[in-house]
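A short write-up of the structure that comes next.
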Amino acid sequence: MTAYLIRRIVFALFVLWGAVTIVFLVLRLVPGDPAQLILGSDATAAEIAALRTQMGLDRSLPVQYGHYLGDVVRFDFGNSYRYHRDAMGLVLDRLPATLQLAVVAMVIALVLGIGLGVVAALRVNRFADRVVSVFALLSQSMPSFWIGIVFILVFARQLNWLASGGRGGLDRLILPGLTLALPVIAILIRLTRSGLLDVVHENYIQTARAKGLGERVVIFPHAIRNALIPIVTVAGIEFGKLLGGAVIVETVFSWPGAGRLLIDSISARDYNVVQAAILLIAAGFVAINLIVDVLYGYLDPRIRLGR
Amino acid sequence: MAATTSVQAPPLLSVRDLTVRFRTRAGTITAVDGVSFDLAEGETLAVLGETGSGKSVTAQALMGLVPRPAGRITGGEIHYGGVDLLTRPAAERRRLNGTDLAMVFQDPLSSLNPVFRVGTQIGEPFRRRRGASRAQARRKAIELMERVGIPAAARRVDDFPHQFSGGMRQRVMIAMALALQPKVLIADEPTTALDVTVQAQIMALLAELKAEHRMSMIMITHDLGVVAGVADRVMIMYAGRVAETGPLREVYEAAGHPYTRGLMASIPEVSGQRDRLTPIPGSPPDLTRLPGGCPFRPRCSFATDVCAAERPALLPVPTRPATHLAACHHAEEVVTDGVAG
Amino acid sequence: MDRTAVAPATDLLPPPDDVAPKAGKPLGRLRIIGSLVVIGLYVLAAIFGPILLKYDSVATDLGARLKPPGTTLPDGSFAVFGTDQVGQDVLAQMMQGARVSITVGVATLLLAGIIGVAAGLAAGYLGGWLDAVLMRLGDVQLTFPSILLAIFIASILGPSVVNVVIVLSISNWVTFARVTRSQVLSIKERDFVDAARTLGARSWHLVTRTILPSAIAPILVVATVELGHVILAEASLSFLGLGTPASTPSWGVTIANGRDYLSNAWWISTIPGIFLAILVISFGVLGDALRDRFDPRLRSM
């Protein structure tokens, strides 16, 4: 287990470093002048030159990179051009809102995704299974921004049940949470269904029946416990993807999270905030992946205790 | 069907005309075709046959484990405890597993749940069916593990299946099967996946346990040598049917079916003369396209026209004791030929 | 991690196949044909629609704005799906949007496909450090949420159709590379490749003539499913203002524009979304059906 953990941690650090480097390179190697990009087309040559010096763009690339790495490690992303305060601080302020949304979405996705997947597997090829499979197909194919809009239209405007925007309690959380959860629900349904169907053919399930255990006990926990292992991994990865999907959902529902800040900053060309937000979300993603790796190692005794 | 037991008491288990069919992509096959046999209390029956002979499916049918929906029991009776099991609902049959009928499978690595501790799995029947507490079940599990010869049981009860060697895993399976003291233990090729030295140990263990618990055993195997010291009677299966059955010594000395003869001749003998191995000519039958009449005919040196026309019934072999039956039109000839040669 | 089971202790044929669709072949063919028909209709609409029903991105007709579906406009034309906030016919916009989405989708797939397949071939066939580097790069990229990567790059490059294609190709080459690589790895050890090699075939010939044709089927399956994802991704980017420019009426842009008019003109946002969903679903069904036909093992992709 320790060897496994170390490998995963090293990989996570490597990915983080990769993300940081990519952000650095893209911003500087893209045709055009980053300083010009930030200041816009009506900036004077003097302003651009000043910003270039301030950003260190007149140094050589490796030197810039070194400075950049140093800044990143100290969480120093410069100041927000719009709000005139520390860029990373700005992002961190908005982070709890995004996390709240992501967690709610994940809970919904796990309950509905795994639950429906189990139902579909137990009633395979019958009506319930077909309905669930169609639902999964639809959830995966419908653009989340559109679904969000339709939800707002139906539930908030027409039926006036729920609020349509802004942060708040359960009534404001449920629509964006559900919208964010839908693609994950679809994936979890498929995985749970096929995973459970595969496990049910394994020899140890036959053994469980040979011991005289009833079908319900054979499924819970004998089959499920094994089927769950790969599902947990995917669920974890999907949680990370939720962080990306949150960008869209926050925009549609005017949810004041880091994702929306990112989009707003992009249109305002506030690149310090853009960098800070991208890297923070990426770091969150990597951290979640790492946690999932650890969880997976723990759940599978063959990894936990070595082969 | 004539009686096949040699003791006076009514048989513990009585199977009549059992038929199991499977739907496969290649067509419907009759994996078990009219199989009948009895099992007396305390008796060990060896079921011998190649892959595809239907021996494992027969065991599955007894335990209600025939994989559905592709497989179906389409006919026959299984009499146990005064009741025909095939007329009872599945849940009731399931309850007999563990308490009356138990099974040990061929590959203990894939037959044990990899994510549960061995002690949990062995103790599970006590917890779920006898209402035992976790502590009680654990004690019973350690007891059983010691009984089957697993060293340091108290420590190893918390280990996972992958942490045991092949032979130890099979002992775990045996412990698990014996938990509720079943009356019939079915062992489906229990030693095939194990080393030769370990095989002997496991067989010895089974013999001991059988005597201790007064259990009946059905030992399924393709290797006669393995069961030679343990079995009372033997039943040889071919293409889903019983080819021959009778007391072990009797069948061994005077085989009445050409297939049995072939099996005996193809066993390598470590001691004794180093004769050449005589494999049975031809290849195992294609169950989707069985020839009419006797299924062994294409590979049989005794075959005549009647073998193609008529399916041989399982009847006592002429000139031999009434408990020795063979399904062959030329049984007497086979016996004479064997004894002479 | 290996969880393969020894064949069940039954001396019989493979375990019952009660998982595959019961009807087997006929249902599979229906799925393939049905989805191809729908996709074909979209392609036709994309090619001929804008010709038949003209869409001018700068024209405004305020007298005809925000009319509900089924209205006959002052100039006599019939707005099947209503008009938008500047009086443009929604159907005309959607067909133009279909053109954009399908073009972007196909272009992205070609670009990502060529890069990915080439990378996969190189990694699989040549192995060694090239394989290690490419696969690490792919792993690192996959651990990054693709939409985030797309947003970031798009934010730098700015909204334009070409940029969208570039951005989405960068996000998607990895899947192609992985599939190709695993196919190459499993095929290159097979006998017929060895046979060709002993006959003196050179590497290039080996790769293109023997390995590639066998690998095509799974790549096609992946391509079909990815096309649906790419179209969705392009719509999402456009919705955020990072995809096609605001003047190009891709579906994402149209839906975004309609947000402000949800209360009085719900059709602007809703109807293009329905058509977008139908197209993506068709690709999904087609991909599933192709995969079931050629190789059920790709189920996880």
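Letters are used for the chains, namely A, B and C, taken in the order the chains are written, and counting of residues starts over at 1 for each.
Just so it is clear, a contact is a pair of C-beta atoms (placed from the backbone, for glycine too) under 8 Å apart; a residue touches a chain by one contact, two chains touch by 3 or more.
All figures in this text were calculated on a predicted structure; none of them were measured in a lab.
Of all chains, the one whose mean C-alpha position sits at the greatest distance from that of chain A is B. Highest inter-chain contact count (C-beta pairs) belongs to A-C.
Centre-to-centre separation between chain B and chain C, using Cα means, comes to 55 Å.
We define each chain's centre as the mean of its Cα atoms; on that basis chain A and chain B are separated by 54 Å. Chain A and chain C have CA centres that are 21 Å apart.
For chain C, residues touching at least two other chains, in rising order: 3, 5-6, 8-9, 15, 18.
Along chain A, residues 202-203, 206, 226, 300, 302 each make contact with two or more other chains. The set of chain B residues that touch two or more partner chains comprises 105, 107, 110-111, 114. Chain B makes touch with chain A in their complex at residues 63-65, 91, 94-99, 102-103, 105, 107, 110-116, 124-125, 128-129, 160, 162-163, 173, 176-177, 179-180. Within the complex formed with chain A, the residues of chain C that make contact are 1, 3, 5-6, 8-9, 15, 18-19, 21-22, 136, 139-140, 143-148, 151-153, 155-157, 228, 232, 235-236, 239-242, 252, 255-256, 258-259, 262-263, 266, 269-270, 273, 276-277, 280-281, 284-285, 299. Residue ranges on chain A touching chain C, taken from their complex, read 11, 14-15, 18-19, 23, 26-27, 30, 37, 124-125, 137-138, 140-147, 149-150, 152-153, 157, 194, 197, 201-203, 206, 226, 240-241, 243-245, 247-248, 251-252, 262-263, 266-267, 274, 278, 281-282, 285-286, 289, 300, 302-303. Here chain A touches chain B in the complex through residues 202-204, 206-215, 217, 222, 225-226, 229, 299-302, 305, 307, going by the rule given at the top.
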